[in-house]
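Chain nomenclature is as follows: A, B, C and D, assigned in order of appearance, with residue numbering initiated at 1 for each chain independently.
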Amino acid sequence: MKLETPIIIVNFKTYSEATGKKAVELAKKAAKASKETGVNIVVAPQFADIARVAEAVEIPVFAQHIDAVCPGAFTGHVLAESVKEAGAVGTLINHSERQLKLADVDAVIRHANERGLMTCVCTSNPAISAAVAYLHPDIISIEPPELIGTGIAVSKAQPEAVTNTIKLVRKVNNHAVILCGAGISHGEDVSVALKLGTQGVLVASGIVKAKDPYTVLREFADATKL
Amino acid sequence: MKLETPIIIVNFKTYSEATGKKAVELAKKAAKASKETGVNIVVAPQFADIARVAEAVEIPVFAQHIDAVCPGAFTGHVLAESVKEAGAVGTLINHSERQLKLADVDAVIRHANERGLMTCVCTSNPAISAAVAYLHPDIISIEPPELIGTGIAVSKAQPEAVTNTIKLVRKVNNHAVILCGAGISHGEDVSVALKLGTQGVLVASGIVKAKDPYTVLREFADATKL
Amino acid sequence: MKLETPIIIVNFKTYSEATGKKAVELAKKAAKASKETGVNIVVAPQFADIARVAEAVEIPVFAQHIDAVCPGAFTGHVLAESVKEAGAVGTLINHSERQLKLADVDAVIRHANERGLMTCVCTSNPAISAAVAYLHPDIISIEPPELIGTGIAVSKAQPEAVTNTIKLVRKVNNHAVILCGAGISHGEDVSVALKLGTQGVLVASGIVKAKDPYTVLREFADATKL
Amino acid sequence: MKLETPIIIVNFKTYSEATGKKAVELAKKAAKASKETGVNIVVAPQFADIARVAEAVEIPVFAQHIDAVCPGAFTGHVLAESVKEAGAVGTLINHSERQLKLADVDAVIRHANERGLMTCVCTSNPAISAAVAYLHPDIISIEPPELIGTGIAVSKAQPEAVTNTIKLVRKVNNHAVILCGAGISHGEDVSVALKLGTQGVLVASGIVKAKDPYTVLREFADATKL
């Protein structure tokens, strides 16, 4: 599978505004905004919500994490096969709130790839992004942890983190989609991100905690066309 | 909520025989065995399977783990609220394959309790069982890790681990249901476990990897009546 | 080995004021205060400083942590035998900044005990303290994490956390020394801690980051006699 | 600081044969073999042994791990400044027995570099080695985990893992010293490793658990000259 860019990935985290029934409602708003704008919007709900979200919407659904395990005796772990069968077509991994050991980043990308699951690896700076590029994920998203949840957009506050990521990644990897995230709150943050050379954004609280998530999603999606 | 004893909890782990559609099928077999025998059988599928399993069967569904987090910015974590809304009425925690920090065992029991979710804490020896008894979980299951998956039943190989657990736990906690697990493969392992004073068993591969899980479950359920 | 109470344990953490040569200097001040007052003062320097500190002073030296490993192939781990041979007579474990899995708290206490190393287990609330009491450590120190490093003393801000710890622990364990920590900054915090029923305190920044650690240590030691 | 190649790094792990006084004795044997052959032999003892080993020998001493922390409130962690002041000139990191999160591999390399401490990052396959090369460590050591401690040498059993590592790393990094490890037991394993293009080896049980470590070390050092 290959996603058309630009892409907006909405990370539902464990926000109560995006848990259970509310996860389904939010995903429907994302699907509506995607359909109306033609922009690829991906939703990443919690594990237990994947199945109901995937049933309710036709836009791509990602898990928020999977573990570096194969089928077997791994109580309480998140198996690639399981989230896939529930309807996920990809997964975030190594988010700053759920970091992986280096060897597990490699193992999870391989496992996911063999099982037809796309991977979006979150990274915290350009050097780590370049390192990850060598492990051939489908998507790399640079997210300076100090900006996450602040409303201060990485694309405006740290444009050089974004452009250096693109420069370093492209030296070794021409295929990976490159996103940026952290603090994305306005349409302008999105359009600036694309002008810097990214192919989309990874967002969370900017959408999930918005008073009117649909309107903000529309604004973000429209901004990818500016 | 309070479960009637004896209880048989079936931990699906991340076995391929108990993932996705197969999780639902296995849960239905458990529900059938429970209905026919009147014995309380609980199923613990993977996170992404909870919703479909809970929809398909009326027996209690447990998660295999939850994290010590509240709603918020915790990408990739497992929230009590989320598994509950998906249909879980309880959760395993601290399985030897997914151990928790001591302070998190306490925090998870409290969170789960406040949210109406039962907790079954796995422990590896009598002293740890007694320690956990002080944290007021609903269920304590003693599982010597060295026997897990071996087919050598704790109730027969280490009866004193079971009886010492009961003795120590009951000094401080009269309410917690006490189970044992690890290696339970035959009806006799179950009946011995109950004769030792437990109120049921926690099983995994003995059921999940059996050629005919329904028949083994029936055997286990019937054995609780001997 | 058995330490006479009251005890003041000084946790050097990884503060630069207590690293390398400065660890030795700080330990000498603690030794001086201990000698002059007759109060048992224990120092807990970083692993790499244990040998030089233990050579320089005669007061007891503790490690800040040990891992639940036996001699073998465990690169980068902290072995009980190693810190003991370097001169430690005990160890802190499960500090809120270096928490252990529940089963490892049990394993480390056993290992340490078999090797003649005392254990001081840090706990964050009365229930966890009682749970730990069942695992038979030599010392239990209650430290509400939210007060650590604040200068707001647990003995004054949360006296009931201290008294409830003592009450619950003493139901099951008459031997363990009970300390409290977090925010201890003044002699009065120490004397209040002892009046609440503890047998001493666990301190860190209050000493290590004091302008004149010797004077504050003297104040703390003298306060144990009030 | 820059080490002359070829290099033999001896990882003492937490073996009892290399703990405390025995760590000092083993380091002296390594120093003797280094002096006699002119080959750079580095020893990596446990944290608590660094100071005494560094005092006893003039060959370079490495820590086995450091944590991604700065001076501060990090009880039980291993600080770069601390191992350096104890006499270490470098550190292993990310050994398969003590793996780091991806972001911490980056952070530790930076911290160590700023503090004048060399880093030897252990990796488990060529792709991870290339990823790490982007983070600019001083040394990269490829160690397939499945061969560690087996006596089956990586240089003979998986020569392509070694040559692919060199090929991929050199595309992006001309400075890092490249070693290989796992199963190195005979002089021939060392000479083959160098012929494959490495600049030395990382060894552990092959030396530490040898009946006569000095003789084996001489054999290894001599083999670098073949």
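Just so it is clear, a contact is a pair of C-beta atoms (placed from the backbone, for glycine too) under 8 Å apart; a residue touches a chain by one contact, two chains touch by 3 or more.
Note that the structure is predicted; figures quoted are calculated from it, not measured.
Report the chain whose mean Cα position is at the greatest distance from that of chain A.
Taking each chain's C-alpha mean as its centre, the farthest from chain A is C.
With chain centres taken as the means of their Cα atoms, state the distance from chain A to chain B in Å.
Those two chain centres are 34 Å apart.
Provide the C-alpha centroid distance between chain A and chain D, rounded to the nearest whole angstrom.
Inter-chain centre distance comes to 37 Å.
What positions in chain C touch 2 or more of the other chains?
As it turns out, chain C has residues touching two or more other chains at 96.
For the protein chains shown, what form does their contact graph take: line, ring, star, complete or other?
It is a ring, because the chains touch in a row that closes back on itself.
Each pair of chains that touch: what are they?
Pairs of chains that touch one another: A-B, A-D, B-C, C-D.
Enumerate the contact residues on chain A facing chain B in the complex.
Spelled out, the residues of chain A in touch with chain B are 11, 13-16, 19-21, 46-52, 63-65, 69, 71-79, 81-83, 85-86, 88, 92, 95-98, 148-149, 204-205.
Enumerate the contact residues on chain C facing chain B in the complex.
Counting only chain C, the residues touching chain B are 94, 96, 99-103, 105-106, 123-125, 127-128, 130-132, 134-136, 168, 171-172.
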